[in-house]
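Structures follow.
Shared chain: subunit A. Partners: subunit B in the first complex, subunit C in the second.
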Partner chain A sequence: MKKVLMGNHAISYGATLSRVQVIAAYPITPQTQVVELLSEIVANGELDAEFIKVESEHSAMAACIGASAAGARAFTATSSQGLLLMHEVLHWASRARLPIVMANINRAISPGWTIWTDQNDSLSQRDTGWMQIYTADNQEVLDSIIIGYKVAEKVSIPLMIVLDAFVLSHTYEPVDVPDQEKIDKFLPPYKPKIKLDPEDPHAFGGLTAPNIYMEFQYNHQQAMMEAKKIINEVGKEYGDITGRYYQNLSPYKVDDAEYVVITTGTISKTTNIVVDKLRDSGVKIGNLRIRTLRPFPSEEIYEQLKGKKKVFVIDRNISFGNTGIFFQEVKASLYNTDIRVPIFGFVTGLGGRDVTPELIEEIVNIGIKNEKPEEEVIWMGVKK
Partner chain B sequence: MLELRLHGRGGQGSVVASKILADAVMKSGKYVQAFPEFGVERRGAPVVAFVRIDDKPILLKSKIYTPDHLIVLDPTLIEAINITEGLKENGIILINSEQHPSEFKFDGKFRVMTVDAKRIAIKYRLGSKASPIVNTAILGAVIKAIPVTTMDYLVEAIKDGVPVKIEENIAAAKEAYDSLIKGE
Partner chain C sequence: MFKPGKKIEFKSAKEIPLTPMSLGDMTHNYTGSWRNLRPEIDYDRCIDCMICWKFCPEPAIFIENDRPKIDYYFCKGCGICVQECPVKCIAFEEEGK
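Here is the complex of A and B:
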């Protein structure tokens, strides 16, 4: 059924359709509506789940860890400072190989105090061992939660669905809410291979001496690399039942393009408008949206960028002292390949500054005009 | 693509109005997007909400700077802020007011329309007399002034989007639809 939903409620419906069994969350703008609606859905009996009120985000994730270890499908949602407070337990969740799914609303980090969007909160968690998927509209948000559980449970790694504050979280868009029956077939109940169970006791997270610790890390990495394939397979399976297909990458008019813009999140959608406009005036340009940051789809990016003249990466984040983070990721992934084209790194839209079609067109024109980037980071729309 | 900007005050239901309108437009088969001004809202303070409507999927995710039309839920805002900022020439300014459109003067070529949504809201006991909730009433006038959907779809959207006094809200929308004053 089609409903007009804000991104936050698209998350709530995604979690409900996934029949999550434990929800533990702490409110933070702009995420609060996610758990507000979920608490109503649980209270009125539409979803059979434990709703655990906690005193912090650290505790929210800790509760999810306990629930997931006991074999329950666990869910939480947070944003910005809340995600940062979770940091320690994020590592725990992933190294315990628990398939928790979490939604993070990308909100910039304070100070100066801010509630608006950029990606530095989730990107600070890049190396916590979680999978991360960046979404671009509310339909994708809902679908990605459901797909997320199937992927997470297949590879035993937690997964973070990421969306832009306000631009998605508080924006209403038509969203198809799939039938529960259809989703039940796609996503059967979670059956862990091993769980906390008094009838069949196991010890978890015990002392892991140097003779065995490294093997756990190796297995985690192998599972992560396997997830590249699994994300595409499960995304296709979901597409076959809903008509909406999701992969690690979402290319737009990249096939015959000479120039490729690389984008993430909602900037990608606006970029498609610019691609169409420039194509009308004869510029062969495409837009490659990266959905999956971890595992990083290096091989697929290589395939998409093979034979292109130039690449322009737009980052809504900054790694102080270096560059935008997706720019680093893309460059690093290509180093040992035969692709040797100029790659430009643009930083813009921090703290919710609007990214308009005009700004994106300006970015593309800088890239096309200059033989190679004159600066390692090109700041766009900043008052210097 | 059609872009609308709604001006109200915190507590009047401007954001809910944008959502109900979006729902009514979606039900008519068009594509739509609605969003508040991204920030913190306070009761009584000026609030802005936006709606985009198109026949094809809406990819644009940036803000609205040059709306086609304005919907003003609180007429006192006309004096308080530069309300016509960015408004396109010949744009409609639909105002919740008991006054005739000719009594409003704006700098620029716009089409002023009025509807006494406050009186209608009070009549149907929507909100209190001191702070009536005018959002469903004004939507009735909106779809008459800017025919982006039908009354049938608006009625359905009100049923889905209003928590209480559904019949009263529908009656208010219908009465406002019939009492829009289009000016010159």
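Here is the complex of A and C:
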């Protein structure tokens, strides 16, 4: 059924269709409506779930960990400072190999106090051992939650769905809400591989000495690498029932392109408009949207960028003292390959500043005009 | 009385569970080796009240022939029994003396 939904409610519907059994969350702008709607859905009896009100985001994730360890499908959502407060338990969830799915609405970090979007909150959780998927429209948000559970439960790794504050979270778009029956077939009830069970008691997460700790990390990494394939497989399976296919990468007119812009989140939708415009004037350009940050689809990025002349990475984030983070990731993944083309790193749109088609066109023009980047980080739209 | 369990050892990452979890008991883990002070019951003065048995947190005191007995494989030497004994018949001796 088609509905007109804000991104936040697309998340709530995604979680409802996934038949989550435990929801633990603490409200924070711009995430609040996600759990507001979920609490109504649970209170109305439309979803058979425990809704746990907690006193902080740290507790929200801790409650999800307990629920997931007991064999329930657990869900939470947060943003920015809330996600940062969760940091310690995010590591716990992933190393305990619990397939929790959470939504994080990208909100910039304070100070200065802000509620608008950029990616530094989720990117500072890059190494927590979670999978991270960056979405670009409300339909993808809803679908990614459902796909997310299937992927997470297959590889026993938690998964974070990321979306832009306000640009998606509070913006209404037409969204196809799939039939519950269809989703039930796609995503059967969660069958935990191990769980807390009084009939078969075990203690989890106990002291792990140097003689065996490393093997757990090795297995976690192997599962993460396996997830690259699983995300594409499950994305295809979902496409076969809904007509909407999701993969690690979302290329737009990249095949015959000479120049490729690399984008994430909603900036990529704006970039597609710019690509169309420039194509009309004869510029062979494409846009490669990275959906999956962890696991990082290095091999697929290599395949997409093979034979291109130049690459322009747009980052809505900054790693102070280095560069934009997707720029680092792309460069690092290509270093041991035969691709030796200039890669430009642009930082823009921090704290929710608009990234307009004009600005993206300017980025492309800088990239095409200059033989190679003159600066390691090219700040765009900043009043220097 | 005491019967040690089997220590589970893993040879490779392929054998280990999904996440660190208890699979056997801990009776192979002789925590008695942590002990610096060793409680010893003077059975001539002991009144068999079993207060030491009740208070031992491990529990490393068991009952044998109606008398309390300390299991030195697991007693960590915390001294709670020494403190709680109503007739002060448990002495604390330095290990290795």
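Just so it is clear, the second predicted complex is superposed on the first by the 384 of 384 C-alpha atoms of A that agree within 3 Å, B and C clash if a C-alpha of one lies under 4 Å from a C-alpha of the other, contacts with A are read in each partner's own complex, and residues count from 1 in each chain.
To be clear about the criterion, contacts are C-beta pairs under 8 Å (C-beta built on N, C-alpha and C of every residue); 3 or more make two chains touch, one makes a residue touch a chain.
Nothing here was measured: the structure is a model prediction, and the numbers come from that model.
Comparing subunit B with subunit C, the partner in contact with more residues of subunit A is B. After overlaying the two complexes on the shared chain, residue contacts for A:18 are found with neither subunit B nor subunit C.
Contact with subunit C, but none with subunit B, is seen for A:212 once the two complexes are overlaid on the shared chain. Of the two partner chains placed by superposition, only subunit B is touched by A:167; subunit C is not. Looking at the shared chain after the overlay, A:323 reaches neither subunit B nor subunit C. Of the two partner chains placed by the overlay, only subunit B lies in contact with A:354; subunit C stays clear of it.
Judged by the touch definition given at the top, the superposed model places A:194 against subunit C, while subunit B stays out of reach.
Contacts of A:203 after superposition: subunit C is touched, whereas subunit B is not reached. Residues of subunit C that touch subunit A in their complex: 10, 12-13, 16-23.
Those residues of subunit A whose C-beta lies close enough to touch subunit B in the complex are 2-4, 6, 29, 115-116, 164-167, 170-174, 266-267, 269-270, 272-273, 352, 354-357. Subunit B contributes residues 18-19, 22-23, 26, 31-36, 38-40, 58-63 to its touches with subunit A in the complex. Those residues of subunit A that touch subunit C in the complex are listed here as 95-97, 156, 193-194, 202-206, 208, 212, 215-216, 218-219, 222.
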